[in-house]
Structures are given as C-alpha cells and as structure tokens.
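Note that chain A is present in both complexes that follow, paired respectively with chain B and with chain C.
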Partner chain A sequence: MKVDLHPRLGLLFNAYLLMFFIHKVQTGVGVVGLPRIVYLDSKHDAWISVFLAGVITGIVIWAMFIMLKQYDSADLYGIQVDIYGRWIGNFLNIVYMIYLSACFFTIFMNYIEIVQVWIFPNLPTWQLSLVLIALSVYAVQGGVRIVIGFAFLGVLGTLWLGAILIVPMKYADTTHLFPILNIDVKHLIKGIYGSSLSMMGFELLMFFYPFIKDKKSTLLYAQIGNLYTTILFTVVTLVSIMFFAEDSLARTIWPVLSMFKIVRLPNLERFEFIAVSFWMLIILPNMSAYLWAASKGFSRVIKMKQKHGIWIIGILGWALAFFVHTRSQMNTVTDYVAKMGFVLAFCYPVMLSAIVLMKKRFMRRKAANAQGS
Partner chain B sequence: MLKVRKRIFFTVLILCVLFVPGCVEQKQLEKLGLVTAVGYDLEKKNVIRGTVVVHQFDPMAQNITKMITTTANTSRGLRQGQNLQSNQKLVTGQMRCVIYSKELAKKGVIQLVDALNRDSTVGNMVYLTVADGSAKEIMDIDKTNSKISLGTYLYNLIKQNVESEQILSPTLQEFNHNYYDIGKDPVLPVLKVQNRDVIIKGLALFKDDQYIAELGPKEHFYLKILSDKFNAGTHELGFKRSDFERIRLKKGEHSIRDVYSKLFIDIDSINSHAKLKLIDKKTLKFKVEVKLDSRLLESTEPLDYSNPSSIKFIEKKLNQAMEKDINGLMKYFQKLDVDPVGIGNEYKAHLRGKNLSKKEWREIYKRASFDVQVKNRIVKTGVID
Partner chain C sequence: MFKWRSDRKQAEEHKSHSLNVDELKKQLEEELASCSDISFRTIKKDGKKILTSFLSSLIDKSSLDEFILQSLQTNFTKNMTLEEVAQILPIAQLSASNQLKEIVESIIEGSVYIYVEGEPCGLLANVSKTAERSLEKAETEALVYGPKISFTESLPINVNILRSNVKDAKLCFEDIEVSTRVKARIKIVYIKDIADPNNVETFRQRISNLKVDYIPDTTVLGQLIENNSWSVFPQLMTTELPDRISIGLLSGKVAVLMDRSPAALYGPTPFFTFFESTEDIYMRWNMAFFLRMLRLTAIFLSVLLTPAYVSVLTYHYEVIPSPLLVSLGQSRANVPFPPVFEALLLEFIIEMLREAGARLPTKVGQTMGIVGGIVIGQAAVDAGFTSNILIIIIALSALGSFTTPSYLMGTAIRIIRFPIIIMAGFWGGIGIMVAFCFFMIHLLKLDSLGRPYLSPAYPLRLSDLGYSMFRYPLEYLSKRPATNQPKDNDRFPFKKAKEKKDVDE
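So, the complex of A and B:
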C-alpha cells in the first residue's frame, strides 16, 4: 500500500470548509446529554470541565497536524503502515475501521432512541435506521466532496438552534454556579473524561487530510471549528446548570431537549418536536463522515472498492440494530465506544505523532550521516 | 446497462426514504380527545380519584368538552380507566392545568409530578394548582357551565394573573426547579369555587412536596418582590392618620371627611429588585435588600406631592411599613420551616468544599436571622399633583 494518497484535483476541497466540518462532526447526539454526563462528575463546575476538554481537544488537533505535516499527503491508514510495517499497521487500521463503524452505529442508534422516547414510542428501530442508513449511504456514494458539503449545509441549517438557548435563560438561577471551582481536581478530570465522547469526531481530520487543497491552513481552520464547538458546549452546559435544579439535572437524560420543552410559539405548542426532527440534520453529516472514513479503509487496507465497503458497513449496521433493544444495552454499547474513542481519538494520535517525529528525526540524522561519511 | 441499473436502484432507495416514514403511528385530530385539565383527589388510602376535562373535535357532539372520572392507584392507571370511558383516544399534549386537592397536597404530590416529568408528551409549561376543597368540585364547574372549556378557562385565569404580576408563575418547570433545589421550596396557587366560577384564593406554601400553609394576597406581594427580579404588582398599605399630619393638605373637600379611620396608600411597583446576601456565615445573618421604583396610585387623603421633601417623607414611611411586613413574613416562613424565597440557594453559593443536604439546610434555616432594608423610590404620582 502506498503511504501517500494523491487524489485527483477535482476531488479536493478548500481548507476553510474544514471549519464547518470539524464543528459538525463534533456536535452530534452527544451534546444532547452532555450537560448531565459532565454534571454527574464535576457538579456545578461542569462547564469548566467542558471548557478544559475543548482546550485539550485543541492540543490533540495540533499534535495530529504536526504528525500529518511530516508526510506529503498521507492519511492515518498510510501512516500506520509506514510506521509499524504491513502486518501491525494493517491490524491497527482494522481496529480503526471497526471503531469508525461503531461510531456510525452509535450515532444513529442514539438518535433513534431519542425519537422513540420523544415523538414516536411505537416506531420500530429498523424503519428509521433504514432511512438514516440509506440517506448516508447515498451521500457517501457521492464522494468526499458531498460529505464535506453536507456537513457545511448541516452547520448552516442548524445554526439558529443555538439562539433558542435564550429562552431557558429566563428561568435561570445564577446562584447555582457559585462557589466557582468548588470541586476537587479528581472530579474535574473525571468530568473532562466525560465530555470527551461529545468532543469526539475531530479524529476524522486524519482521514480527510489528503483531500484538503491548501494543506498549510489546515491547523487554523480545524482550530476555529474546535473553538466554536468548545464555546457552544460550554454555553450549553452553563445554561443547563442554571436552568435545572441540582438533582433534576442529574436525572434528566437529555437536558438540552428538556430545555427546549419550555419554548412555546403561538401556533406551535411543543417546540422540542421540531428540535428532535432538526437533529436529524445534525447527525446525518456525522453518520456520512464516519461511514466515508470507515469505508475508505476497504480500499486502503483490503484491496476492495470503497463502494462495496459502504454497503457492507451499511447493511451490517442495519442488521446489528436488531440486537439492541433496551436503554441499558444502548448505554453499554455507547460506553464501550466512548472508551474506545477516548483511546483512539485522544491518547493514541498524540503518541503516534511523537513516534512519527522521532522516526523522521532519526531518518534525517541517518541521511545526514550517510552524506557526511 | 450498468448505468440504467444504478438509476433504478437509486430510485428505489429514494422511494424507500420517502415512504417508510409514512409507516409511523398516525394521529387524526377527529379521533383524539385532548385532555386540557386533570384533577386528582385522594379517594381513600392507596386510591386516588382522577378527573379529566377532554376537548373533543367531533362536529356531531353537543358539547365540546366532556368530563371523565375514575379511580385507580396511579395516574397512569387513571388514564387507562378514563380511556375505557371515552370514544376517542385520550392524549395529553394539550394539557394546560393540573389540580391537586388540598388533602392530597398535604400528603405530598411528588409521585404524581414525577409521572408528568417522565411523560414526554406533557409540556413543561403546564400549570400546577391546589384546590381549596376537592379537585372534582372545581372540575364540576365544567358541567354546570358548558359554554366554557374548563382547561382553557383555568389556563387563562392563571396566565392572566401571572402576566399582570399578581401571582408567581406555577408551571411544572418552576415546581420542579424549586422542589429539586436544595435551598428552595415550591409555591402553587390555590383555586376555589365561588359563585359557580373558579377563582384564585391564595398561594399554597410547600415544604418539599407537601402543602404546609396558605398565604394571603398581601403577603403574596412581598413574596413576589423577594423571589422575582422583575416587576411586581399593586399593593395597598395602611397607616395611622396622625403620622401623615405634617404633609396633609388642609384644603379640598375630602380632607375634612372621615370615611376611613386610617390612611391608605396604594403603590404600584414598576421595577423591583431584591438582593439576598449572606453577611455572616457564623451567625447566619442574611441581608435582604429590596429596591423598589414605584408609582403612587391612590391615597385616601390629599397629600402634598408637589414638595420633594414630602415625597421623601412618604418614601420613608413606606420603607418602614414594608420592612416591618417583610421581617414578619420571613419570621413566618422560618416558623413554618419553608423557604420559598430561596435563602438556602444563597447560603449554598457561599459554602465551599462541602455538600449541603436538604435536612442540614432545614436545621440551619431555623437559626438564620434577617436584616431587611427597603428602599422605595416614588417615581410618578399620576397625572395630577
């Protein structure tokens, strides 16, 4: 397998789209439950944990960029083979493929659970999953530019949902925030870990990198996207802490949707129905991005066409959905994926970039020595 | 060949996407009975009686509303029983008002509120109320007065009073917030039947989820000032006539007459701001600072408004009277062991490195003392001097 990937010029996309793409893949189903998950660990200082998690994400993105810069135009599949050799490298590639497919699976399964709880209690899972998978397969068939464009439209189409947060602010109680930093470091770090599932998605940068047209400005736009996500998540958490009473935030599974419950328009009694429906526009670009990255592995690792990979993952995901029935099962699956993601998206890329840097330096010295002697 | 196959394939795919969503549950308006109000009474031990007012969209029906009563152990059990008595499927998406009988409220209502929270079809802006007698009595109004729909009537009754700042907003959201907050207790309006109409009689004070006492309209004004940041309503204050001798106008007709033995002043606070502050953590001294911008609406004696010093005098008198009232109210809350103002939240905001439980707060609350300061500012005295 070639380490570097040189796609046709017509397949490349502009770096500024990365800004929307990174933000989009980070904001998915996770943010709906984020305030509660972090609150369980770091109590009313949850917003600090979320903010710090965003800062750490920024550092990881920076490490990824350093690693990618060492190569001309490589993705993670290529880099791993280059570093570890064919056997170990490809094994790790398959681990990543499984992880990306698992993310694809958890995104739509979590969304379907929300739809079933909030709008249609009798809706069979397979119907909605069929629609969602079909749509994302269709998008990914269009290629990388469609996936990126979909993310761009997804951001523009759902930007206004953030403005709705003004309404719950009317019921906010600022005393909930004080005293600031009342939690010990251990719980604060636990909270950071808790927010990592929602922050995930930026690791896709390592797969989309070869398709960026002006690779120099990658870091800038990726960081802008991450910054926006961090600010949005922190504000959402802040508002939730002020809006909910102490114990009720710990009990509310989807605090963001529960906050939308109080929004009331003259001819629309229940705003959360609109919010849940619009959430499909938020998760579909995520699903297609993960599906694209996972299926790319089929053409890079196993000598297969990417097109076939899309179908295999799509059908597999649809079939697997029949095995998950209850909320506790879904929780277990999500927990596993979150743990996997923490290792594969946060810890491992930093480690890998250190190895890549060392290797490059070693090679350079070797080359210099060879020249000198 | 391949291209044609591909095109057919994608057409099928898109058709799937278009038509599969049609398979979900359908809800036709004509086949639904919209529950607009629910009432709960305690029938006997372990059994509650539920009454619902249902809004129908049946063009053939004589009445647009219908009342159904059943008994069961849980609110969901009630719903099942009510469904058996209805030709339309009962749905709760348009529920506006929930009434708990006083007897039930005294025992605690959280198990019923929890069922509302759990149900995603119930909105968070549902009004919760307490009936002075039984909830059924209030719901029966719907039968005698078939022109109105009770759910809408109750909704407007409460909404109108919340908007004109007469009562604190009693939505499910606010009840939850105050119940689950450690340093705050909920309050709900008390409804009563009077002359075949439903009126708001007062305000029920809750300790956790249990009804403790009822507050009259006068104290209600102060509670509203203390717990709300925005505008509060109109308020009437009585004074000794001799206190105001200095600024009384001696001219004019009604200055000589004696309709009242006291002097009454009506003010309308257009802007109030209450600040709670913990001054001393050891002695648990709280400072309650209330700033009011108010309009003077009415006084039963002609007073001299043109002179700034006399306005100052009135302000001072108002301050003293209000401070006394607020102090009395705080003492009253302390005696009942309820905290509708949210003093516990303020205490908790200063508590570092420790978690406060509700029980601990109740103990601390008993020892707290308050220093009340009211600053009135009369900004307008009406169109005449």
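So, the complex of A and C:
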C-alpha cells in the first residue's frame, strides 16, 4: 500500500471548508444530551469542563497536524502502515475502520432514539435506519466533495438553531453559576472526559487530509472550526445550567431539546418537533463523513473498491440495528464507542504523532550521518 | 442513440454523378426519393445543354429566374470553362462539386445545381428561401422591463441579433458537425478571450459525439448532452432572450444556437441561474435584490408549505397554538379524508387546471381559470372535500412556483412537491427532512457542463453571490463570475469605480 495518497486535482477541496466540516462532524447527537452528562460530574461548573475539553481537542488537532505535516499527502491508513509495517499497521487500520463504522452506527441509532422518544414512539427502528443509511450511502457514492459539501450546507442550514438559545436565555438565572470553580479537580476532569464523546469527530481530519487543496492552512481552519464548536458547546452548557433548576437538569436527558420546547411564535409552538426533524440535517453529514472514512479503508487496507465498502458497512449497520432493542442496550453501545473514541481520537493520535516525529528525526539523523561519513 | 449508417452507405457517399444530363436527372430523382417538387430546367445554347435542378419549394423563384437563368441565357458561350460560368453568375454563395451525396444535400438545403454537359463537375448556387417569422416579443419568458426582442427559428437572423447585440471582434461563432440523419446546423457561440476553453471544448465534444437521427430543438439538444438525464432538474438552460445570451456571453458562458430552434442553449448554468431574470439586471439593484429574495422565498415556500400542512395536521398538531388550532379544526371538521389525501387531491386539481389552461387557446383558457378557481375551489370546500386553509396554502404554493423565470425549473419545482407531500404523509416532519436532505445531496451531485451545480453556494464563491443569489450594486460587480472560470476576470477596474471625491472637490 502506498503511504501517500495523491487524488486528482478535481477531487480536492479548499481548506476553508475544513472549518465547516470540523464543526459539523463534532456537532452531532452528542450536543443534545451534553449539558446533562457533564453536569452529572462537574455540577454547575460543567461549562468550564466543556470549555477545557475544547481546548484539549485543539491541542490534539495540533498534534495531528504535526504528524500529518511530516508526510507529503498521507492519511492515517498510510501512516500506520509506514510506522508499524504491514501487519501491525493494517491491524490497527482495521481497528480504526471498525471504530469509524461503530461511530456511524451510534450516530444514527441515537438519532432514531431521539425521534422515537420525541415524535414517533411507534416508528420501527429498521425503517428510519434504512432511510438514513440509504441517504448517507447516496451521499458517499458522490465522493469526498459531496461529503464535504453536504457538511458545509448542513452547517449553513442549521446555523439558525443556535440563535434559538436566546429564548431560554430570557428565563436564565445567573445565580446558578456561582460560586464559580468550587468543584474539585477530579470532578472537573471527569466532566472533561464526559464531554469527549460530543467533541469527537475531529479525528476525521486524519482521513480527509490528503484531499485538502492548500494543506498549509489546514491547522488554522481546523482550529477555527474547533473553536466555534467549543464556544457553541460552552454556551449551550451555560444556558442549560442557568435555565434548569439544579435537580431538573440532572433528570432531563436531552436538555437542549427541552429548552426548545418553550419557544413560542405567534403561529408556532413546541419548537422541539421542528428541531428534532431539523437535527437530521446535522446528523446526516456526520453519518456520511464517518461512512466515507470507514469505507475508504476498504480501498486502502483491503484491496477492494470503496463503493463496495460503502454498501457492506451500510448493510451491516442496518442489520446490527435489529439487535438493539432497549435504551439501556443502546446506552451500553454508546458508552463503549465513547471509550473507544476517547482512546482512538484523543490519546492515540497524540502518541502516534510523537512516534512519527521521533522516527522522522531518527531517519533524518541517519541520513545526515550517512552523508557525513 | 443508435447507429443509422451501415458501412455500405458510407462507401456510397463518395460517388460522382454521371456526366450525361439525362442520366444525371435520373440519378438525382432516385437519390431524392422521387419527390414531386424536384424541378429541372434545361437550357440549350450553342449546342450545349445546361441543366439546372432544384427543389421548387425551397428556392426563391425570382432570384433563380433573374440571377441564374437570365445570366446563363444571355452570357453563356460555347467554350466557357466552369470558372467562367461561375464568373457570370451574380450569386454570393457558389461552390463546385460532383459528389452526388453532397449535391443532394445542398439541394435539400435550397441550392440550385447548375451542370454544363461534358464538364467534370457542376456549380451549386445558394438561392434558398426559408419560411421564417418576423421578430416578435418573447412569449415564454415574458418581461415587464428591458429589451423584449426574442430569437426566431432562423439561424441567420439569430446570429444577426447576437452579432448586433455584442459588437465584439472576439465574438466567435463556431460550426459544429453532428452525425445526424437529418442535418442540423449548430453553432457554438462564445467570446474568445473571455470564455473558458474547457467549457467550449465540453460543448464541442458532447455535441459532436452525438449519434441520433434528429434533433428537433435546442431543448432536446440540452437533454442529450447533459450529464444526469435521470434528474428532474434541468442542468443546461435554454432561453429565447438574446439579451440574456449576450449578458451570459460577456460573463464567460458559452451558448449554442441551432437552426429552426427559437431558443438558445447556454451553460454552465448552475441551479441559481434558473431563478435569475434579465429584469434583475435592468432594474435598480435594491429592487432587483428584493425581487430576487422574494422569488427564492416563494420557491422555498412553494415546496414546503403543503408538506408542512400535511405533516402538522397529521402528526404534529401540538406545534400549532391553540387559537389557531381551533380555526384549523373547524375548517377541517367536514373533511372526511386524511390530510395527505386532501392535499394530493387539491394539488392534482391545480396541476390539471394549469395543464388544461396551457393547452387551450387563450380565450378559452381564461374561462378555465374562472371555472377552476371559483367553481371548483368554492364547491370543493362546500362539498366538504377540502378545508379553506388548504386552498389558501395550495394557491400560495402554486403562485410561488410560477415566480420562477425558467419554465422548466418551475415545472421541476412543482413536481418535486409531490414526493415531499407523500413523505410528509408518512413521517411528518421527519419525512419532509428526509426528502429535503435527499434533494440537497442530489443537487450537490449534479453538475452543469462539468461545473458544480450549486455553484456560488458550494463551492462557496463569495464574489459570485452578487450575481446569482443576491444582487449587488453594479460598481461592486467588477469581476466576472468565477463559476464560469473566465479567462479574463475583470469587467472594469474596481478601484476607479470606488474612487470617491472629497466634499466640494
């Protein structure tokens, strides 16, 4: 397998799109429940945890960029083979493929759960999952430009949802926030860990990197995207802490949707029905991005066509949905994916970039020595 | 597409005709499938036979008599060579030939074949007269403001209009050969130092690769050469407004003209081009901006309003505030159908009315409108078929779809409403979003002449938004739209337009 991937010019996309893309893949089903999950650990200082998680994400993105910069135009699949050799490298690649497919699976399963709870209690899971998978397969078949474009339009189409937060802000009570920072560090860190699932998605940068046109500005735009996500998440958490009473936030599973409930226009009420429907525009680009990255592995790791990989993952995901019956099962799966993601998206890339740096430095020294002697 | 020529026919193509006048007559008659309107006139002078053959229905009789027959009768002498014969004919378009196929093709196009017996080849003189209408106002793209002249079916007239609109030495008309059974005269039009050569090449290649028997119109040509023929969305635009083409040419687009077609095809035309009207350019920018926004909103509502009604009334009635819900409930109290059925029925009636109105002559058409609007609308509500509110919504969405300047795109928008209504009937808001996402992906995947279909939106080209989605004041439109990838980007120096004088300077 070649380490570097050189797509033809027509497939490349401009780096500024990365800012939308990174934001889009980070914002998924996680945000809806984010304030509560963090609140359970770090109480009224949850927003600090979320913010710190964003900062840490920024550092991880930086490490990733350092790693990617060492290569001409490589993705993670290539780098792992380059570092560990064919066997271990490809084994780790397959682990990543499984992880990416699992993310794909959790995203749509969580969304279907939200739909079933809020709108259609009797909607069979297999129907909606079939449609969602079919749509993302349709998108991914168009290739990387469609996936990125869909994420871009998805951001533009859902920007206004952020503005809705103004309404609950009217009922906010700032005293909920005080005293600031009186939670111990252990809980604060637990909160950071808790928000990692919602922050995930930026690891896709390692797979889309070869397709960026001006690779030098990758870091800048990825950081802008992450910054926007961090600010948005922090604000969402802040508003939920201020809006809900102490206990009720702990008991509200999807605080963001519950806050949408109070929006009232002259001809429209119960805004969460619209929000839940609109959330599809948030999760579908996510699904297609993960599906693209996972199916890319089929052409990179196994000698197969990517289009076959898309179908295999799609059908597999649909079939697996039949095995999940209850909310608790889905929770276990989500927790498991979150743990996997914490390792594979946060910890491992930092480690790998250190290894890559060392290896490159070692090689350079070796080359210098060889020249010197 | 199919291959209509056999190899045997191809061999026959290069066959020179007989040198004997009587045999030549027979050959021509045979080749022209013995049409009744083929005429021969043989002049005998100085012991030589001169044959003129033509299709009497296609030629201008007076110029035949005056310029060909008269000249031959008075000026012909025995020892004239072919070149000398050509000298005595006061005709602009003359060519020599002895290929039977070529001669027949020229005769079909309105030429006269003049053959002096014994010579190796004869002369083709073009004295054709085609039926053409005079210049008229544009019908399908009606305008309130701005030039109203429209293309006609005649290619020379269309070329004439374009040439006089764009008096630019670099304006290029390129003939294209199409391997069709019925010969089509097609010209690619572009401004050489503005248009992207890739666009021109794409057009050239796609058109010359065609293998069809007949192309009736540029609209068909457009369907034949666009990339995704399964989509409802047209990917190349046809227009009957010459000024639209001239504006397009100057912004780097490429047009295709065809003889006997009153519309010009042009591209690349991304999605938003179909919502642009030439009026937007002629009007002051703020009015045009308002109108364009109005149009886009109308389209959006037209697609979304009925499905929203269906989904809200079927599944999410909690969304409606209670005072409004009461009046909605009252108006729907007598309706026995579920909302999907009700909406589909009424949409169907509206579509039928529109179609009937379009097919009937104008005088009856107006009556149709009254019959449809008042009788069916009022009666349907009284009979308890539909609710009043749905009638308002359907009327609004029909109105909205009619605001599209392009008839094709308007139709596409009306058609995509039906699947969305059905999806709304299945899954309410979720169904609408499923359809919405599908169309979004679909539009992302389309392309117009190899350029992205959603162009100024994705890939985002901020400077182009002033042309397509919004409308900026003219002084800010100093760059040609990047969507067309023009060779020469600048329309005028931006700095000079922006120069500001001091107070009282």
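The definition used in the following text is that the second predicted complex is superposed on the first by the 373 of 373 C-alpha atoms of A that agree within 3 Å, B and C clash if a C-alpha of one lies under 4 Å from a C-alpha of the other, contacts with A are read in each partner's own complex, and residues count from 1 in each chain.
Simple rule for what comes next: a contact is a pair of C-beta atoms (placed from the backbone, for glycine too) under 8 Å apart; a residue touches a chain by one contact, two chains touch by 3 or more.
Every value quoted in this text rests on a predicted model; they were computed, and no experiment measured them.
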item	value
Touched partner set for A:N267, first chain B, second chain C, both or neither	second
Touched partner set for A:L135, first chain B, second chain C, both or neither	both
Partner chain(s) touched by A:N14 [first = chain B, second = chain C, both, neither]	second
First, second, both or neither for A:L123, with chain B first and chain C second	both
Which superposed partner A:T332 touches (first chain B, second chain C, both, neither)	neither
Contact residues common to both interfaces of chain A (with chain B and with chain C)	119-120, 123, 131, 135, 138, 264, 269-270
Contacting residues of chain B [partner chain A, same complex]	10, 13-14, 16-17, 20-21, 23-25, 93-94, 120, 123-125, 171, 173-174, 176-184, 342, 345-346, 348-353
Chain A - residues contacting chain C, complex	13-14, 16-17, 115, 119-120, 123, 128, 131, 135, 138-139, 142, 145-146, 149-150, 152-153, 156-157, 264, 266-271, 273-274, 276-278, 280-281, 284
Footprint of chain A on chain C - complex, ascending	315-316, 318-321, 324, 427-430, 432-434, 436-438, 440-442, 444-445, 452, 454, 457-460
Touch list for chain A against partner chain B, complex	117-123, 127, 130-131, 134-135, 137-138, 171, 173, 175-179, 182, 243-248, 258, 261-262, 264, 269-270, 272
